[in-house]
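Two complexes follow with subunit A in common, the first pairing it with subunit B and the second with subunit C.
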Partner chain A sequence: MPTLAQFLSQAFNGLAFGSLLALIASGLSIILGTLGVLNFAHGAMFMLGAYTAFVVLGHWDSFAGALALGALVLLSVGWATERGLIRYYYSRPKEDQILVTFGLGIMMVEAVRYFFGGLSQRVPLPSWGQGIVNLGFFIYPLYRVEAIGIVALLLLGFYLLLYRTRIGLVVRAGIEDPLMVELLGTHVRRAFLAVFCIGAMAAGIAGVIYAPLAAVIPNMGEPFLVQCFVVVVIGGLGSFPGAIVGGLVVGEILSLTTLFNPAYAQAAIYAVMTLVLIVRPRGLFGTMGRA
Partner chain B sequence: MPRNTSDVDGKSSKNRKSLSRRSLMQAGVGVAAAGYLLRKGALPAFAAEHPALGTYPAGTTGSSVFVGGVMPLTGPYSSSGKDMQLGFEMAVDHLNNGSAVTEQIPTLKKGKGVLGKKIEFQVADSETKPDPAVEAATRFIRDNKAIMLTGTVNSAVSIAIEKLGQREHVVVMIGNSGSNDTTGKDCQRYGFRAQPSAYMAAKALAPVLAKQLGSNLKAAYLVPDYTYGHSVYDSMKQFTEKAGWKTVGEQLVPLGTTDFSSYLLNIGNSGADAFVNVAFGADAVSSTKQAEQFGILSKMKYVVPNISQFQAKELGAAVMGGTYGTQAWWWTEEDKYPLAKLFVAAFEKKNSYKPRWGASEVYIQTLVWADAVERAGSFYPGDVIKALESGHKVNSIYGEVYYRAGDHQMVRPVPVMVGKKPSDMKGPEDFFQILELVPGDQVLPPLADTGCKMPGIES
Partner chain C sequence: MSMADGRRLARWVPELAMAAALVALPFGFDAWLGSVDLFTRILIWGIFGLGFDLLFGRTGLLSFGQAAFYGTGGFVTAYLLTGNVLDNVWLAMAVGVIAATLFSVFVGFLALRRIGIYFAMITLAFGELSYFLENSPLSNWTGGENGLPGVPAPTIDLAGLHYSFAGSWPSYQLVAGFYFLGFLFARSVVLSPVGAVLTAIRQNPERAAALGHDIGAYKLAVFVLAAVFAGCGGALLGIFQSYMPPDAFALDTSGQLVIQTVIGGAGTLIGPTVGAAIWLLLRDVLQQVPAIGDLWKFILGFVFVALVTFLPNGIVGAVMRWMAQLWPRHAAGAGGTRHVDAAAREALLAPLRAKTAPGAAPHFALEARDVRKAYGGIRAVDGVSLALAEGAFHAIIGPNGAGKSTFLRLLKREETVDSGKIILHGADITAADVTAAYQYGLAKSYQINQLFPQLTVRQNLRIGALGRQRGRWRLDVFRGAESFAKVEAVVAALLEELDLTACADLVVNTLPYGEKRRLELGLALASQPSVLLLDEPLAGLSPSEREGVKQLIRKLSEGRTILLVEHDMDAVFELAERITVLHEGRVLAEGTPKEISNDPLVREAYLGGLAP
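Right after this comes the complex of A and B.
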């Protein structure tokens, strides 16, 4: 049996990784909830954020700068994608939407491979994130602790945007019943652009934050995309609180399962997803009849 | 070498003349070779009766033959794949147009393709997964009548392709594959592996580890959860425990994992003195980076039994310095093997970096195959396989190498190395110091232990 210290260290690790998943998944979830589009390019957008961090930090030693630029780059990518591509697909079958975003993701990955090559790029830890902290029962990389704080702040900002602004109100109303919002005289489609941009930004910012932690390669978004689908299914399609809770649940399952049998960690998240689908098909925070 | 006069498209008299000149030179190399040539001299009459087998003779009737490279150009092992592709292109170029390297190999001196036929080639993306790899290889066989396949990174992919080769009767010169199963329980008559098996690498590495790091260490492992990972783990465990080490943990992770934090926490808590990381490619880079951030690399000795081609370049010498491990080949072997020096020079001139072992493996495999075809005097797979199995030693970029007939493992040296600290590097790519070049025959597994039951040529 694992000791209490081991259990606590894995529980904390689950929180750290889960919060990052929550940030990426929240973008995926609100796009799905509002636009009804399952964005398969979301993982590639996460990757674009990481490459932005690589480029910015290679020239300029400012992590805040990398975050800002990562947000800006993905905002632009989101804008161009929605205006140039996605809006033509709102009324097309789901399969078309999946295919077009899937293809878009491949194009982004291959474009990055063309310009940067397939070798992984090194993104240094910011100077304030180097070293290890002693958290009583265990030691943990300082940057990962700080990342929890950064992600929490971003999620708070995200929450305020969705729940305390007019655009957020339209978005949330759009998730619940787009037809009714249209009938009430609000142009939902205009809100769609905003939602897509915000969703892309969430992925991009998460990419910037994660860049110093992993091999920055063109395909780095793929495993995250898959895990985020699980998060969204567990949390409930289109639900912002669902994405956060789902992210933390998946993070904890991944972490805690390794205490007992590391080989089953990945399988365990699918087992839980299946369980949720059986017991509560709309997800933990989903409401009936939503897209 | 007396030539197979019934060669499918018939030899021009000019061709025959140049071939007989070459036989004379070959006869000069020694009695053994001469004896071999005499034996082969009896072949033509027999060769005429070759039945159609695989892509023979369909793929050999024109003025060129096709060879296919199936390599991971995307996915976690894509950096190996790119290196391999460049090695493959260079091998084909050298065979078609001659080079300083092929100049040193008697059968390949003329530099006009193989058996006078130009070599055409294509490279397909395996995506580091067995299914797309098999699809691409099948296309090469069906559409291009490929006479040989190479490439393949990842043992699961390599085994899938050699099985396809057996089924379709096409020779597969395997690229990166470290699993013991590749030439063990999954061995195929049509599959040949140049890379040292996990067993060979571990047997070469473990005594060096015990000598350099101490013989009473406790080791924790990070293991990719497929045939390659399991095989390396088993062999490393076997030989390090023989040297006095204890095994205190095994973390199985799926291929393509990005975040290793929970596994690394367990390794940090395992009480180990040595962290043995079996992850490969981008997974190796991510896990090493994260292990460093978790303080594991400063707390424990770091061992990577099979160091990825670009791992040191991607992580930097500051992280990889002091790392112990093996590779299939490292470019400073050029100090020992003249052909390696020629190969490194040619490769660097063309591609502006030092070739890694992925490029070296596909390069050597393509040349060794061509040498076997020339010696066999025919593209008939049965003859080519027998020529590869004959124990004939080929001068190569790994020194003199040959294939063991019983399991199709190349007998070649295993370099055991340690990462250099930035201050010890003599150039931007001088990442490793070779501690020992262990001769292949000293570390081969006994044939009976491999579990290889070699299928027949026509089965």
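Right after this comes the complex of A and C.
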């Protein structure tokens, strides 16, 4: 049996990874909820954020600069994608939307591979993130603790944006009933553009934060994309609270299963997903409206 | 050679062309690339793709988890052979394919409860689940990240003859043999009534179900069929390489299959093979070009996005369309346009008697007893009782929102009732689904046309007639969709009766509204129903068209029970023998047209006191 300290440290690992997953998945989920589009390029957008961090932090020790540029890059990519492609797909079958975002993701990954090569890159920790911290029950890398704090702040900001602003109101209403929002005279298409950009930025910012913790390679987004699908199914399609709870649940399942038997960690999240689909197909926080 | 012989021969042209290509093309590859192996590889993807094309191209089910079955077929076969469980390669392949099939029944049962986005995500998750299971927990059997080396090739030992399929050319012969068998089988499925139903499901699943086809069973069948092809492809991959790689289970494998299918052309059977050829040639040939070699996959992604956006049927689809323009087929359609005289039509379209429960002596054709349905707080149908005598012509009128359309949906079993009973010819059908209701002889025409827009008028009617003649579910994949004499006779009679003979072989979405409206009625009639529900059949028609449809309805009512919902009061009072007035989900009044028009309550609530 693992000791209490082992258990706590793995639970903390789960929190660190789960909160990051929550941030990426919340972006995927609001795009899905509002636009009805399952963005298969979301993993590639996360990867673009990580490469932005690689470029910025490789030259300057400015984490804030990396965050700002990552947000800007993904804002531009999101804007170009929605205006150039996605908006022509709103009236097409869901399958076509999946296919086109899937293809777009491949193009992003391959473009990055062309410019940066296929080898993995290391991104330095910011100067204030180096070293370790004693959390009482165990010792933990400082940056990982700080990353949890940054992600928590970003999720709070995301929450305020969705629940305390006019655009947030339109987005939440759009998740409930897009047609009705349009009929009530709100320009839903403009809100769609905003939502797509916000969702893309959430993925990109998560990529910036994650970059110093891992090997940065062109197809690093793929496992995250798939895990986000699991999060969204568990939490409920289009639900912001669902994405957060789902993200933490998936993070903890991964970490705690690793504690007992690492071989089953990845398989366990898909098993839980299957269980949710059988017992409660709409997920923990989902409404029945969509899909 | 007669016309019919020519057509029978034309059906086999693709098979003959395929056989010729499988014999000739490998020599081309051998001469060009110095080996036939690349072509073998293309055909393994092609076998995998034949099944996926039935699933995605035909039925519209976009699965991102086909690698699960490809890997299962491959690894079970490879384990049985390398783990010294079985000696016989053929037997090991068979067990591998059966394992993939069983796995697909389980996955399909869960995944097919949902459509669209959910279906794609669930299949993808199962693909990943099997990848991670192969990778660690099962690594004692699968070799984990190393895969399984040393998979032997099958041999033939027959009466002194010994032939091994090891080596470049022999393994090509093996794979090409399986590919050809797979192609024959997939073609047969496409041309069978099962193929016709799958196409109908893709275009309008709700109507396909309402026309008596058990769409859940058909979807599961095609999902399992696709897994048979996948398992077979996976087994052949291990044998061909004498090595079973773990990435057969990877998400990239499922993704590559999707991309190849879309680029080559979904719904064309050979599309995935053409797509595989493009993928593998781009990878192997373009990579040699110095300046753009590294961009081969980017180019592929770009082509993919462009094709999804502009050419929904991919390269093969575009070529086929172009060829159809060059050589327009004259007067297509089986049997051309047969003339069916009035007496024969009447016999063909007469209602089939519903199967009544033995011993039951029904007084009424259709009966609703205290039926209720609420949506949230809104009581749409609030305790309606109605009884239609055999052969009655009954109409329901009422202001908008009175619950008329909801009531019809409840009767046709498109929605479940909260309480109450629905009885058809003495049998309780309250628990039946929409498909069963059709099989019992209860058909409905819809307020808004529910057609199969990409099919011809004749094919539309055939879907309806097949539903009643074949029953709700049958796997008759080895007979033609047009081989049911009774179905073809009913379709010909309907075309004549509905005055649609001239446009019988035109695609429905090119037709004017009046023709579509008559076809909508025709779909309901194709089952030769004993009870017919008509939801605003005159809606949107011009005055002259109304007259025609009214004549038709009057004619149909002979020997048949009809329940009509209509806003055209002149038509209702002219056609109906009895009228029920619904108001806010309740029966306000019931009686003969004369009684209704004189009822002060009705005049007050509905006619606004203005009626004569």
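Operating definition for what follows: the second predicted complex is superposed on the first by the 290 of 291 C-alpha atoms of A that agree within 3 Å, B and C clash if a C-alpha of one lies under 4 Å from a C-alpha of the other, contacts with A are read in each partner's own complex, and residues count from 1 in each chain.
The rule is simple: contacts are C-beta pairs under 8 Å (C-beta built on N, C-alpha and C of every residue); 3 or more make two chains touch, one makes a residue touch a chain.
Here the structure is a predicted model, which is why all the values come from computation and not from measurement.
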Clash-or-fit label for the pair subunit B, subunit C on subunit A: clash
Subunit B versus subunit C as contact partner of A:Glu222, first or second or both or neither: both
Which of subunit B and subunit C A:Leu32 touches, first, second, both or neither: second
Which superposed partner A:Val233 touches (first subunit B, second subunit C, both, neither): second
Which of subunit B and subunit C A:Gln6 touches, first, second, both or neither: first
Which of subunit B and subunit C A:Ile86 touches, first, second, both or neither: neither
Touched partner set for A:Leu277, first subunit B, second subunit C, both or neither: second
First, second, both or neither for A:Ile150, with subunit B first and subunit C second: neither
Partner chain(s) touched by A:Ala263 [first = subunit B, second = subunit C, both, neither]: both
Contacts of A:Arg113 with subunit B and subunit C, given as first, second, both or neither: both
Colliding region between subunit B and subunit C, picked from 73-81, 91-99, 109-117 or 235-243 after the shared-chain fit: 235-243
Overlap of subunit C and subunit B interfaces on subunit A (superposed complexes): 110, 113, 222, 262-263, 266
Of subunit C, residues touching subunit A in the complex: 56, 60, 62, 110, 113-118, 120-122, 124-126, 128-129, 132-133, 135-137, 139, 251, 255, 258-259, 262, 294-295, 297-298, 300-302, 304-305, 308-309, 312
Subunit B residues within the subunit A interface of the complex: 73-76, 78-79, 81-82, 225, 251-254, 256-259, 261-263, 265-266, 268-269, 282-283, 285-286, 289-290, 293-295, 310, 313-316
Subunit A residues within the subunit B interface of the complex: 5-6, 9-10, 13-14, 16-17, 109-110, 113, 117-122, 125, 132, 138-141, 143-144, 213-215, 217-220, 222-224, 254-255, 258-259, 262-263, 265-266
Of subunit A, residues touching subunit C in the complex: 32, 36, 38, 85, 88, 93-96, 98-100, 102-104, 106-107, 110-111, 113-114, 222, 226, 229-230, 232-233, 237, 262-264, 266-267, 270-271, 273-274, 277-278, 281, 290-291
